[in-house]
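Next, two complexes with chain A in common: one pairs it with chain B, the other with chain C.
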Partner chain A sequence: MLTFILKRVLMSIPTFAIVAVIIFTLVRALPGDPALMMLGGNIDDEASLAQMRAQLGLDQPVPVQFLAWLREVFSGNLGTSIMTGQEVSSLLIQRFSVTATVVLLAIVSALLVSIPAGLLAAHRHNTRTDYAIVLLTILKLSMPGFWVGLMLLVLFGAILGWLPTVGFVSVSDDLGRGMMYLILPVTSLALSEIAVLTRMMRAGSLEVMGKDYITHARAKGLTERKVLWRHVFPNAFAPTLTMVGIMLAGLLAGAAVTETVFTLPGLGKLLVDSIYARDYPVLQGALLFIAAVYVLTNLAIDLTYSFFDPKVRLT
Partner chain B sequence: MIRGTDTGQVLTIQNLEISFGALAVVKGVDLSVAPGEILALVGESGSGKSMIGRAIMGLLPGGGRVSGGRITFRNQEVTGALPSTQMRRLRGKEIGLIFQEPLSSLNPNMRIGEQMCEAMRAHTDLSEDKIRERAHEMLRQVRLDNPEQLMNRYPHEFSGGMRQRIMIASVMMLKPALLIADEPTTALDAVVQREVLDIIAEVARANGTAVILISHDLAVVAAYAAQIAVMEKGVLVEAGSARAVLGCPQHAYTQKLLAAAQLGAPEPVKGASGPPLLSVEGLQVEFSDKQMFGLFGKTVNRAVKDVSLSVQPGEFVGLAGESGSGKSTIGRAIGKLAPMKVGRVTFDGIDLANCSAANERRLRQRIRFVFQDPFSSLNPRMRVGRIVAEGLRHDRGLSAAERQARAIDMLEAVGLPRTMAARFPHALSGGQRQRVAIARALISRPDLIIADEPVSALDVTIQAQILMLLKSLQREFGFACLFISHDLHIVEQLCARLYVLHKGRVMEQGETAQLFAAPRHPYTRRLMSASPRLEQDAEGLQLAQTQPVLGRHDSDTTFYEDSGDNAGPYHLAETAPGHFVALRGTA
Partner chain C sequence: MMHRSKVLKTAVLATGLTFGNVLPAMAESVVRMALNADIRGTNPGVTRDGNTDQVHGHIVEGLVTYADDFSIIPMLAESYEISEDGRTYTFALRQGVKFHNGEEMTAQDVEWSWNRLAGDASESHCKNFFNGQNNIKVTSAKAVDDYSFVITLEEPYAVFLATMARFDCGSMAVLHPDSVNSDGSWNTPLGTGPYRMGDHAPGRYVELNRFAGYSSRDGQPNGYGGGKHASVDTLRWEIVGEGAVSKTALQAGDLDLVTIDAMTASELRGQPRFTVDATASAVWDTYLLNSDDPLLSDVRIRRAIAHAIDPQRIMAAITEGFGTASPSPVPPMSANYTDVQAQYPEYNVDKAKALLEEAEYDGEEIVILATRRNGAYYERALMAQAMMMDAGLNAKLEVVEWGTQLEAYRNGTGYQMQSFTFSPRLHAGLSFEMFTGDAERKAWKTGEAVGLVNESLRVGDPEALQGVIDKLHNGFVEEVPAIGLGHRTLFTGMSDKIGGFENWGAGLLRGWMLTVDG
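Up next is the complex of A and B:
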């Protein structure tokens, strides 16, 4: 187990190296000039522009800038935001905590709904219950996520006035009020996930239910509940878990649309803002951070696999 | 056969009808089983025999229902009328069920001990310690050592035979009054098959359990059953004591099944003399797959240790042995489908290891394979015609239409109608699919067919047909065949010469007739007694070889036998012209 983790961490080093090069060149390839943006965007004073460039280190050749950045990254310093002057690393952590709270809450609540719903649909295969569950998931899948988010805002925020529509209060500052701000974004994210995960769970369960060992479990005289939870669920969960892994990495890396709709100060929002502002250090830092999130999430999912399938050996 | 419900029978089935939709798959079946008695329920696949077993448990697959008649278990009617909680109390506790596929009937995700104990936990109030103790006792009864250790393992760490024994132990833990064993050994090879059936009979006797043994192979179950019932297309055509049914079969279908079990006189296909078509010298194959046997961790698996053999042009040569003997690996190594470590394989004078890519492609037209499982060896997304024609794709002189035409001709040659070409494999029966696989192999007019257990997945009646087909095709096309099988009696039917393999080495080799008349090596004898066949004698049909295979082991030390880690030196000695036997020591 430990050697497996170590091996995977070592294997991720080349990944990071490649990602770093791509990030750096892509960011430089963006049209626009941060120095110009800093000075207000519309200036003819070549002298102050050059001075600003020198101050930001942008007058150096690109490879030199890259090495300078890399050196800083290795010493744990992601630089400061051109726009706000904040430390990039603390900015990332602050924004990521918001995203992570929303995404993790959404995934957990989605699993709590989809696993039983998928099992139930498979158990009642080709009955009204099954059809209803399938219909609901298709309905949700065919609606764009941001639109559902907006509708939720309109209904619960504007019409009923039960929940706040704009703004954000951190959970660590005020748990009760913080939660009020989280309900809508979490629900909106979770709904999309539920639709996908329920279908995965249902398909997985249907396949497993055709196996001999399920009939055998019934032939032992086990209750249907035991058959479903002890025999069907652990064997049917693997594809759903894969899907959770893909979703988790993608969403942690920036649920930009949701964050924009619900005006959450999350990682995705930060990424979008820093692109508009040509805030090179923030942009680079954020992208590198996202790569790390991907690597770590996948590692976590692989570790979880070994828990659900004894045939998977971590070597 | 119809008896009342008060006759002391464990199970009585009266006029049973099982339907899927409007289609009745079982019609008017009457059966009864006395306490402690073994009843063999025999029929081909699709005869409805498994459905009866499922109906007794109230576990018919989706869409199936009991549409008529009654099933009475211990004077209590269980025909679908019981509420589910009551039925559940019978399942596992009073009626046990064992399936055909030991590979798929254990939950891959649960430790053995957990799977064994959960039924007892559900049905009794015994303490956890008592339950585990009972599990240990059962595992020892099915001859598995170290029960404590074993119970912490997962199913994938065991071989098919061991899993089936674990299954028996798990089902018999609660001492059910009735055990339904649905093809419990069909997926296993001959030696293991006998062991498992011996264990079922023994454990059932020890616990006073009645058994319904469902099988397509009359010869295999005949030795164990007191009563035999024969089913054809959902109808019970004959039932009675084993002696009566075997000795004096009344119904034509029973006679046909018996005929299939007898196979008839061997007709070995002899080859031409002269230089061999294929010669294998000192072949060794190793796999260093870490996960192949989780039990042993990361070990190198020496599948083939030292094998030399030859095939003459047009000759049928048998390669027999149980699973793990390396027989399939040899076939694969010849076709370059498995890595050869040491050794030399020459085909028609060409060294396979050092031939050019072009030569190799040509050789692949001349050496073709037929595999065991016709359900997975045909691409489900290709039409039969294309599957067969694909063997000609390297033949650039032919247009697509010509290839298709040849494929259709070949389908006819293997006894399939021309219209089959447009079908997909899933629409074909097992026997038909195997015919397609043979057509695919023969279309390039190969000189050698490597047939890896080509009939093992088929019903006995179909087996006989496919063997006949191979024989007549050989007369027509003149190919040689390396026939790989675990069933010596099938090998005997076709093969002029025979190699008996055990753990990657040849134990005995020689002319088939000679070898059968006077088998020398204990392993050969064991393999022979493991595949029972019926023989005609003065009193009618009798089981030919019935000595149990358990607890044998000749203590003879002159013969080489690999029973442990260090088997010592080995050599083949010629005991009669052309007849070689493995002995200990060096030559």
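Up next is the complex of A and C:
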């Protein structure tokens, strides 16, 4: 396993190099001038624009800017934000911790609901229970995440007044209050994931349930519960796990919509804000960070496969 | 349960014993508001944007500032005198004004602050307003004694004080030198304003706390000056990116005062727990016409477009009936807005068609550039397109991201017509200067117009200034370098517990006027 991990980590180095070039090129290809955006209303003032460009290093030729950035990246310095002057690396860590908390809680909650729901739907295939579960997932999939988030805010914040509608308190600062601020975003994210994962789990389970070894297990006299959890679940979970990996990486890379609706200072919100402000250092740093999140999440998922499927060997 | 009372955050301020008596618990008043993006920093005039300026405006003050009618009034200066040749400005400072660290303000602090922003080593864009790059050249700025500060200009310039009062420079904020660390790096703003910097959690919220030692001017608030008798202990801005979320939070009672759009204003108006304010600002919504474009270089085509567009209907539509058209670049609240400025090409489709025929218009495409950014850029463009098509113009809409549109504006190329907005210019000359000049981006480049704008920025006599502004307006109507729509109506939704709120033409919040009931 160690060789596998080492190989994967080494393989990611050229990936990062290519990603770095693409990120830098694409970011510079964006129309719009960061100095202009920084100065906001003072766009009539040429001298200030020139001064701002010089301060931001944007008066240098692009290849020089690229080499300077690469040199800093290799020395572990992602630069400072044009907008706020904060160090990009600390900003990313700060924002990622918020996103990771919400996303991990949402994924765990989603799995706790979707695995039994998918198994149940498959077990009660073509019954009212199955239809009800399928209908609910389709209903949820048809609702835009932004709208669901707002409706949750309106219902639990404005109408019932049970939960806060704006603001954020870190769970590390105050666990109780922090959780109050997390309930709605986690629920909103989890609802979207539940719909997808339940359908995946149901489809996988249906496929497995038609296999000979399941018939054999039943013939042995095992209870349905044991058949489902001991034989159907481990074999049907692999495709769902792949989906969890893709979702996890995507969400950790920034659940921008959820973060915007629930005013969470997360990575996705940071990325969107930095695009609008043409905050090159943050944008470049965040994209590089996201690439790393993808590589590491997929590595982690690959490692988990062997726990569920003994046929998978990590070499 | 619909509306939770969170307006008052109760805190025990004193629990000690005084002469054997227990002091009663006192309530700390908080007004919670929303910013659509975090502040860019705490360094006034250096780290800034519109949101940031608004927060800084509570912490720092300058020698002069803008009044409600955009005239210039003293703020930290008790008074000022201008020499006969118009080159020397002598400011007599108010005495007893305290910085947030308790130190008294002197002319030496003013000199230090001036050099911080306008000196050669300054990182602020503000220095370019005073070093000759943009007409004004300050040759010296010195403290004469503890309470006198003198600025000398190379040449007289009528808008010098107005430039000093610019919000993006914190009105050339006067700060205590301890605002910077010993190595010269920025620390925290120790200003003289009615609020001092409180907690700032980046990406989450920013708080200001009332400065108990604030030395207010006498009298009523006037624009960004006058008396500032702050009563709310804490002003707190949550960073809320979405207008729909701010609105929900207002309805939930989690926010007390938020900027809203016209539709929300219309919805909240008349609801018992909320009040809505709609105030015309000096923000100018317009359509810029590119006179360098082969088609639009023909003034008859530009006039035809002006006659095809009905500003009144568009303004009524985008403001849900709250706003009215005011096509002149000079805002209606300006002292220079007269009957002349109220004139503009009438909406007349027949006239538009006649002009098109005269110009032998043959259905060539006219592309209107717009963005979906807040401020109804897109809606304005869409309505203009429909009206232009009604008059026989082949108008198309191109929607781009704001950064892209801004670049097209700045380069002066890549567009024929665009739905655009100019931030407030509080001097009538500057209202024309924002789109008039030799630079590529300027929509109005004729020699006469440029000359008149330059004259308006130099003339000191109010009557003479009005004459120049009237000439400019007449030329604007005649040559149609842009089509004015109106001055944007700003909407604010508030909990009914909030009192004292008054918006004004500059649109900057004045938290020192707010009160909280209960």
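Definition applied: the second predicted complex is superposed on the first by the 306 of 315 C-alpha atoms of A that agree within 3 Å, B and C clash if a C-alpha of one lies under 4 Å from a C-alpha of the other, contacts with A are read in each partner's own complex, and residues count from 1 in each chain.
One rule holds in what follows: a contact is a pair of C-beta atoms (placed from the backbone, for glycine too) under 8 Å apart; a residue touches a chain by one contact, two chains touch by 3 or more.
Everything numeric here is computed off the predicted structure, so don't read it as measured data.
Looking at A:Arg278, would you say it contacts chain B, chain C, both, or neither? Reply first, second, both or neither.
In the superposed model, A:Arg278 contacts chain C only, not chain B.
Return first, second, both or neither, reflecting whether A:Val261 touches chain B, chain C, both chains, or no partner chain.
A:Val261 sits against chain C, while chain B stays out of touch.
Examine A:Lys226 and indicate which partner it touches, taking first as chain B and second as chain C; both and neither are also allowed.
Only chain B is touched by A:Lys226; chain C is not.
Going by the contact rule set out at the top, does A:Gly161 touch chain B (first), chain C (second), both, or neither?
Only chain C is touched by A:Gly161; chain B is not.
So which one touches more of the residues on chain A, chain B or chain C?
C
Looking at A:Thr242 after the superposition, I want to know if it touches chain B, chain C, both of them or none. Which is it: first, second, both, neither?
Touch status of A:Thr242: no partner.
Where does A:Gly32 make contact in the superposed view: on chain B (first), on chain C (second), on both, or on neither?
The answer is second: A:Gly32 touches chain C but not chain B.
Using the touch definition from the top, say if A:Ala217 reaches chain B (first), chain C (second), both or neither.
A:Ala217 contacts chain B only, not chain C.
Touching chain B and also chain C: which chain A residues?
In chain A, nothing is touched by chain B and also by chain C.
Which residues, counting only chain A, touch chain C once they are in their complex?
Listed in rising order, the residues of chain A that touch chain C are 30-33, 36-48, 51-52, 55, 83-86, 91, 94-95, 150, 153-154, 157-161, 164-168, 260-263, 265, 269-270, 273, 276, 278.
Going by the contact rule set out above, which residues of chain B touch chain A in the complex?
My answer: residues 57, 59, 62, 88-93, 95-97, 99-101, 104-110, 118-119, 122-123, 154, 156, 290-291, 294.
Show which residues of chain C lie in contact with chain A when the two form their complex.
1-4, 34, 37-38, 40-41, 47-50, 123, 125, 128-129, 133-134, 168, 201-205, 238-242, 244-246, 248-249, 251-255, 400-404, 406-407, 409-410, 423, 433-434, 437, 439, 441
Which positions of chain A touch chain B when the two form their complex?
125, 211-213, 215-223, 226, 230-231, 234-235, 308-311, 313, 315
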